[in-house]
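Order of writing sets the chain letters: A, B, C, D, E and F. Residues in each chain are counted from 1.
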């Protein structure tokens, strides 16, 4: 990226490769095994991990050993400008919600050693309190902290002897707005983006998920490469923020 | 109540006629028109009021003038010890949830002057972040503050000229535990109660709802009267706490 | 109540504290274990009790001993002026129906000694054939007779040695119409009432349920007391009518 | 049929070509426009016709003139030995119920002159109070009486000038039990039948529906003919009973 | 039928008693145990039989021995002029689809010796690729071939020692169009028919199902007889075509 | 890729960068506006495009001009070894199906000029007849041909003056199997893959979708690059095959 584009100010004054302010507030939901409120700018998500000493019926039937991780996601109705209808009113989850739940679940399963977890289920819940773009990636970044806190608590309580995490995980969105690749889009940028990409990476710099979609205009290989560079840089910072929050 | 029973300590050290600590945190959900996090002891509920400049289709069809108020309630899955399944998974609301939603809605409609509201809908959302008994009454007490804040905002923005509230409203639970009428039951007391009663009252000391249920043993008229006394005393304090929070 | 208000005639000519004519027709549904058609004025409800020699799966799983009682309620589509849509068309029960089912079930469980019942389920069905106000309270009053008849039959057939009933139960509605507390509202009065209250009591004069709702204007403590007096008087007569019908 | 088979006694003492006792009780549901309780032996069905001064939305959209007739059917849960679960619990109608509703609706549309009916909908409801075989054919026979009573009332009230009925309609079941064609099967016979057939005919002796199903063993053309003869004879008697009931 | 009516040409040039061209294409769905694409004129249906080495849970619970046969049917959305909505969009099967599935299932169960099948389930799927009238009868005729191919394969693989078929089965529609009984109606004729009848017969000339419906005008006994004659003639030809296809 | 890995034989004898045989059979569903059966090895999908002269209600309400494209996908139950249950039985689409439908829809919208399409909806249906890996990418590749054929027909019929396609589109899967990036995975490879990626590209070599998921082990940037190379090569061949099929 040239010096010029770096100095470019976005509508909210950020550089193209700049994250929004990130913070984690622990124990927002004390009845969960672990919980955190993650903020990325105005996007705020309640992330909770509840550990159940049981596994799904299908694992027992199929005699699959180890544990399980499953994730649920919702937009709380008052998280958006203009209230969003609860999906229970329609009697079923939207395609969008299901896609996000599956993404969060896969990302978390990539971080957790299911064999070492033992016959337990980790339920991950991500409820968006305020939505300003990047709710699914904030959910993943926050969920990892909630899971880590839940596992730390299990260890403190002597229920597990070591933390069954195989990787640290964080996620960020990137995209192309006004022809320029940018990091961590807010709602306004997201609505205007011609390309929208979500990237999930580990602490070792490897990929767990890469999902890029041309909303408006197809994108070239160099554009893809630039977006991946931005994502890698952003995720490195998010991983550091997670570690700081856990101390 | 005699001096002896007043000095009786409940499991959490409270007197029989003592509320749990109450607090209100404003603007917990900034995208809502008005919002508050209400805490009554460990029970914590996100209450949001979203004002939509439209009325339901049935009002237009039936040419009913004025506005509308509707309420939705959920236990967030991590609000309980032992995660509670989301109702969207079952594809429909439980009877308990519907009963609570209807109660909150009726209570709020008793407080709001629908004619003065004009062609608007107030959506009230109550999502329980932590459940330790009395979630439906805390929801009503918090929802009234959220509505008030939402209407204040409308007025500040010049969208209404006066606040269309006809009454202030608060609610509390009472019950009979170990043979003794008590105020504001926590979860443990609620589970042990032989009678469970929810009372909604106005700032003028009149009743909006009285719902008493014998869970275990029928109750006498004097017991009913004692519970209503306790409720009236508790609600008076809650109404003061609401006013303090709005300043 | 003063002599003047007692002599006041309602639209149907009744005194304020007067029930509509009550009757019970036995065995309206011969395939049920016990059944009765209850009439309170023009409100007519088929009440059936079916006894199954089994308990719900959750009781077996949780190793809960004793029996179970569950209730279902419906407005038959032709019970109202202007046909009411079947709820199966919408694929789910309305909130109103669920609320009523839960009320009937709780009331009946208050009357039945579940331990003495043994590993059996009593299914109570209340289907309204004609709806003219007070269908939920008529359902409870009729259901108790249907249950009693079903249990009598079990005893005659030698399947139980004593009748597992701990109380007799009846219910009535009261309300405030045109500023006056009245007993046993018909549909027209119900629609005009500013307060609507349902009361369920035992043969010993104790309360099982008290549900009072201000539809229009909050009510005072003296009004509440007057409504409870009316309810107690009406229920005493209903309990006598039940006993007469069982002979 | 030879003299021998005519004298053959079925389990309930009937001849092979003998109907069960038929009766009609008018006005069982006074809020319906017309209603009747039809009994064929122990099979008892509440049949109601409710006339609405409107037509379905699709008729308006497609600018179809005239009226509409639609039918709904249910087994009340206590109509069977061993309670039958309500279909609303499953959230949808069973295939059997849908099949029966469609059959009743087609049969009634064959009787009613939809053009002469005008922009009205006739809702036909058939709720089985006691089920002992032949509930769908009893429903049709009873529904015709309910419709006729409803239309008579419309005429009396001056809302129509003539009765828009093009035919009288009745229905009966026939089948092969123990190798012998029989008329009007009760539940026990129905369960044992190798062939089950439902026939709907007009007052002029023509067919509206013929539905024959080999449950166990295919049937020959002579057997089909014999069953049609039995049905024609039975329906002639039912049509006379309908006329008698209407007087 | 007189010589004149025989020589009568229908809109597509066929005689009144003439089938449309019939053909069977084997193995259209290689993952099924047996499959065939059946064409009757422009009506084309994918018929597949999948054999599962298990029986439904209810058979195990009720300790019913032998096997089971079940059928599912769908109109593929692009099978009709003007796309037909998938039923999964509505969340449930239409009454029409359920009726057809039940008909196909009963017809197939009449052909298969469930005891000889052993503890197996045959799933029959009929998906209409092109709909031009008579899709349910084509489905039955095709399904029988698919089942036969599936059972032949089981025998070749040594999983069964003999073919558990008790009968060959084929089906055809007949009806009355412009006052004349005709065989094998296409869509255009079906839409114009005053009577619509589906007939399922065995290779021995006996009936499995007869379903005749007056869409517009009731039909007489001679008309019924003539339709049955046409059906018997058509089915004889279809049975021969099935045999030819299996060689 | 070195000469050695190129000569490596996969289980089915293909090179790492080799597609399975591709073919297109036109007009498999003549009632659709355009249709094709696409085969990639044993994966076979019916792709149909139905053009409706109308747009969704929400477009009219929101006064959005131009046309719309929507896609539906299903696994026909007999497309898999071991029958797959129809989703209508569960009453709703699985998360997997919804994800695929959304992917196909987005890909097609990237190819079609919605403004030039005019007030029309293109319904795309992809029903899998045989599933051997890569059904979603085969669906996209086939759907583009079906859409092209549908639009050609509209032009021939004079309903549009030019073909409103802005790009040609094809898709392929790539992945990492046994540590080696491979092109166009069959079911067996897919089940064993540690990384699974679907790529949709235009005729100009730009990306419409990139969806890479670590099923088992995270992947590095060089692995990602190698997979993108393989995809680009495969898609180039698929685009040529599409053009050949259209001639």
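Note that a residue touches a chain if its C-beta (ideal position, glycine included) is under 8 Å from a C-beta of that chain, and two chains touch if they have at least 3 such contacts.
Treat the numbers as computed from the prediction; the structure is a model and nothing was measured.
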{"item": "Any chain in contact with chain B as well as chain D", "value": "C"}
{"item": "Other chains in touch with both chain B and chain E", "value": "none"}
{"item": "Smallest count of steps, each to a touching chain, taking chain A to chain D", "value": "3"}
{"item": "Identity of the chain that, by mean CA position, is farthest from chain B", "value": "E"}
{"item": "Inter-centroid spacing, chain C versus chain A (mean Cα positions, whole Å)", "value": "52"}
{"item": "Euclidean distance of C-alpha centroids - chain E vs chain F, Å", "value": "34"}
{"item": "Shared-contact residues (touching 2 or more other chains) in chain F", "value": "91-93"}
{"item": "Arrangement of touching chains [line / ring / star / complete / other]", "value": "ring"}
{"item": "Complex contacts: residues of chain D adjacent to chain E", "value": "92-93, 95, 98-99, 101-102, 106, 110, 167, 197, 201-202, 204-214, 218-221, 224, 228"}
{"item": "In the complex, chain F residues that touch chain E", "value": "28-32, 35, 42, 46, 48, 50, 52, 72, 74, 76-83, 86-88, 91-93, 123, 125, 127, 129-131"}
